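Think of it as A, B, C, D and E in the order they're written, each chain with its own count starting at 1.
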């Protein structure tokens, strides 16, 4: 990659991603509303929300939570940048993962009942999410022969046909990151929940906006991982379609299920997710896929 | 010069330790400890400049008999101790097993050496053999362990004051304590440098004995039970050594030199696989891997913090041997299953740690779980894996010791090692909290070296064929579990009630904060300078093992590049620095912007963690952590983990037989 | 209208607290969220957490126990914030006129920006009331 | 395990009304619950002694806006007993009409809130969308969406003409179809709802009887109790089979509501068809005298109203025993041992109403 | 499994049920909706029956000042005053008072 490309990728990752993500959550809300027989907010609603939050008077419950909010955003952005620079997949995922840990840490740093519970549940959520996300790199690397994302691009063939099992399992972390049913146990998109938005309880105003924006990066990050399953040459829109397809399935599932409990989530993620990805790798090893 | 220093690294601590035993004045003892510490640290720095390796030290013929006799005396002493215990406290499982295992270790060697093959030459094989790997190991021990001793000077003083206050202590036990601490350092250096299996076995046993004595330091019934458990489990290693000595002598190689065994390898000489397996079992017991993890967790409950801290390098000694001999069996089925075993062990302990409440128990579980990663690396055996293993040895030693020491200080401060009681430490001891946080983060997040090593391990594990999927699945789950328990602990110490007052730094205690900050410095610097460190310290090890270091990493402008990908550690450091600096620099929290936590509207006032409940009374808010004992409790998991460990070990030996 | 004010009026997040109401107005507030009225069209979302809310919707008269809660959650809302009282019993006490444990309207405890009459207030009226309250935001900070 | 003691309420998004449960937890498991009340107490019973017995109708129906009509019905029936008047037959049928209308909107509301507490937003929306049909009917016939204000001492204040009856019937048919197609099956069969409710918050039959549970809470545990069987208003002319489930868990209670809901809609249509012609209100000329107990079956169970008159315009005592009050002991028995995530669901499964419990 | 699926798919492809208040499909309250009350001062004879019957004290009548006062923010729109008024001086329309930032009170002078 030339340095021009690098700079361009970084700029896209840092600036364009939140714009796209904001629009995407606007569409998400609109679609969800329509599925529920409502009209829903305007598509640019998320931007109104963020700007409004930024304009609110700061109000905090402790300094540590702010530091972790920044760390969350910083590391998540780093992960997105690494992805844009087509760096090592495992490393990128690890960075993303440790960014995600900052969110519960921020929540746990305030002695607040709901924040604490949200933090603990978020940790359990990461316990379910992280192994799947990391492990999904394995069948990919088996197929393309390296962990470098650049090599996925160089591979020249779509991964989905041989890795559809992994792709399907990856929808679990996507739903988890998007905080959708049945996995929205720690901090739901919607407030009507026993934890009063859990990990986000103690953030307000500009800091809530900060965390929200970080969350946008995170969403785009996982969706881009889905997109990696169909990169062929210059047909970049195919990966976009694949990613959006996964996103839409998650939306549908959100609307046809209720929230389940953490124990179900961990058992499901570990039991089904890990087993299936491992199975996928074994099948590739055996040359059957 | 170097030879002398190496010998001093082993002998000097033993000598000064013995002096401590007789010195009754604590100031003098402290002086001796300082001097020893300074000597060890300085000589390791000097040795670090020494690149004309390997160094060999051939002992004279009589030394063989000295070592033999010492070994026998040591094992006899162990039998004696166990016998005394049986007389005093009745027959217990652990003391009986101690006697059985000690005899099983002693008798074969005695028969072999005195009766069957007294001609086994010691002169032909070097007694000590210092290559880059063992030097690195020796330096790590000689730099970190003296710091533990310095820390212990203050710690044990407080500890004994507390015990005296409780009326549980009549006479100071510190002379004995420092004796064993220092001897343990010498013995660990001995393990690092020995090449002759007889010597190795002797030092190996000596470390076990010291560990045993240190664990029972407080002389409570639980401590004694825990100590004996440690003793017999770790002595299994010596049984393995005894068997390995005999087997390798009767192998075609006709040697008892570790170096010779490793350089010839099991591929050429399949009979060597059994001695290797036995050495690995020795390492596994000592590193407290499944199914032997019980000793570590039990010991964690009963002994003072510096003991835990020094038990960490002690356990590392176990995986060091496994990693050291791993080039000898690379590529065999045995190696693959060793990797699976390590991954399973890592996951098991990671899960057990989630349900632990004691800070030391968490640390022990995490230590074992991390050491298991090194075993995985040994099993994988590629250059990259070897690199990952060595890096893990380095970074983990620093971070884990740091954490143990932090836990000790916290424990003395809050008078409990229950993580739940550490709530709000961030307000009371901001500096200590900062150090602990750095230590925990150094285990978890990029850009610290441990993450790099784990990344390298993952890269390496991906290429071992069909079993790699299993190994990796277990590894990923274990990484996930680790994050949960660390974050939980971190959350607890950071947890504080919102208040508009700002926290004040606690007074600086050199023995504590000084030592801790030194270790933090090591952790950070070693991670920042990872590329030079790799070039200087690790590349020679890879070369020494007969590999091409290109296959592990190449360095370019502070990046490490593996065949699988690039580790861009340096940019991440910058990001982290920025991320941490922005809020600190820009966000001065104004007191009036502080609001109490959300408590459904029933808060009492800012700065108070109470809410109004029944009958308008103030009710304290309690926010305990998650321990998921129903799902992940130690007892519950042990029902699966111990059988699984036994079965996996069985499979390992089955692989040897194949 | 600058972008910030515009965003403020486009994204009012609600916090609903019921004092001593009869539930009549509370369920009408909820009804306003549901498909037939769908206040999310205006960016209105029910947040349930004072720290995230812009508009406090209160129903029912304050009483000797809940006025403290009311004050606490009002305190925990970041500025700029609005208080909208829904229903006549929250405005003045309404039908709970002679009830001995009430303190009267919400304005005896916290400042109120808009009163929505009705017993129970209709969802349409709730929409109108919130819109009226948002008008106040234009003056904020200028 | 670490102990946790946290406030759950009074201001909490899953409770539309303020109630405070002091929860003690270990991990996610609830080990202790202490209810803390008083956030809604207004002193309505006392106020009812300070207002005239006719004014009281409007106060009593605002004990709670959800089954507003049932409160006024119980009150009016009581006062009628004390003043020796009898509501005319058409009025009694109209009373059943609005009662069952209230029941169906209340059940839809509860089911919706339950779905919402489980994070099943689309189902919540669907329930409340269906509920709007009921509210429109209420607005059309009574002049208000939820506070009907139609019951009066001596009869009812509004009549339904035949055109209106036809319109109502058409709307009810639409409602019925919506229920059968998109609401009942989800509650009855959906896997995730099943997982969240089945086996959660169990009250065995004996315990339900012992603790005096009422309404769907009792019927979900297999207790056959339905005050409508006593035949007040026009219920004696209708066939009332209590809907009973035996499992005693949240799922059973939900099922009871789903089935009762359909039955309510049917009842409304039956009543419309059977309605006799005639007077709707008789004049009451004397003051209430003596004491009486009036009982009605609210959506949440049996309400008991005790009234005492002293031949003045003012009553001497009004005492209301509301269904939620009777169900709280059962609730406190359900919660310990459940998970924090189940607290809202179990709590909502008894359909708690603080408004009338605290009055 | 997914029993909700048909419904949401159907919703997704059909027109939302939303009434676009306040822009479109404004639905007036049904006939007979109990809204705010109006006094015809010509008819009123200040008998105070309405004030006496009002459950929420929303009407005050002062025969001395010949004033009839109505508190829209107290009124629960029950219609009892309209029913009782012997002069049929009170009527009820089907709209509530508008939301307001202050609680105005309506005072009407009743001419002799």
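Going forward, a contact is a pair of C-beta atoms (placed from the backbone, for glycine too) under 8 Å apart; a residue touches a chain by one contact, two chains touch by 3 or more.
None of these values were measured; they are calculated from a predicted model.
Common neighbours of subunit D and subunit E, listed by label, are A, C.
Taking the mean of each chain's C-alpha atoms, the chain whose centre lies closest to the overall C-alpha mean is A. Set against one another, B-C and C-E show the most C-beta pairs in contact at C-E.
The chain with its C-alpha centre at the largest distance from the centre of subunit B is E. Centre-to-centre, using mean CA coordinates, subunit C is 26 Å away from subunit D. Once the centre of each chain is set as its mean CA position, subunit A and subunit E turn out to be 50 Å apart.
Computed from the mean C-alpha positions, the centre of subunit B lies at a distance of 64 Å from the centre of subunit D. Separating the centre of subunit A from that of subunit B, both taken as means of CA atoms, is a distance of 35 Å.
Among the residues of subunit C, those touching two or more other chains are numbered 17, 34-36, 38, 41, 46-51, 65, 69, 73, 76, 89, 95-97, 119, 122. Annotation for subunit B: residues touching 2 or more other chains are 595-596, 598-602, 621, 623, 625-626. Annotation for subunit E: residues touching 2 or more other chains are 2-4, 8, 11, 16-18, 20, 29, 55-56, 76-77. Applying the touch definition to every pair of chains gives A-B, A-C, A-D, A-E, B-C, B-D, C-D, C-E, D-E.
Across the complex, subunit B meets subunit D through its residues 357, 420, 599-602, 611, 613-614, 619-630. Taken in their complex, subunit D has these residues touching subunit E: 51-52, 54-59, 62, 120, 122-123, 126, 129, 136, 139-140, 143-144, 147, 149, 157-158, 181-182, 185-186, 189-191.
Contact residues of subunit A toward subunit D in the complex are 32, 35-38, 113-114, 116-117, 181-182, 184-185, 188, 190-194, 196, 255-262, 264.
Residues of subunit D touching subunit B in their complex: 1-12, 20, 22, 25-29, 34, 36. Within the complex formed with subunit D, the residues of subunit E that make contact are 1-4, 6-8, 11, 17, 29-30, 32-34, 53-56, 76-80, 83.
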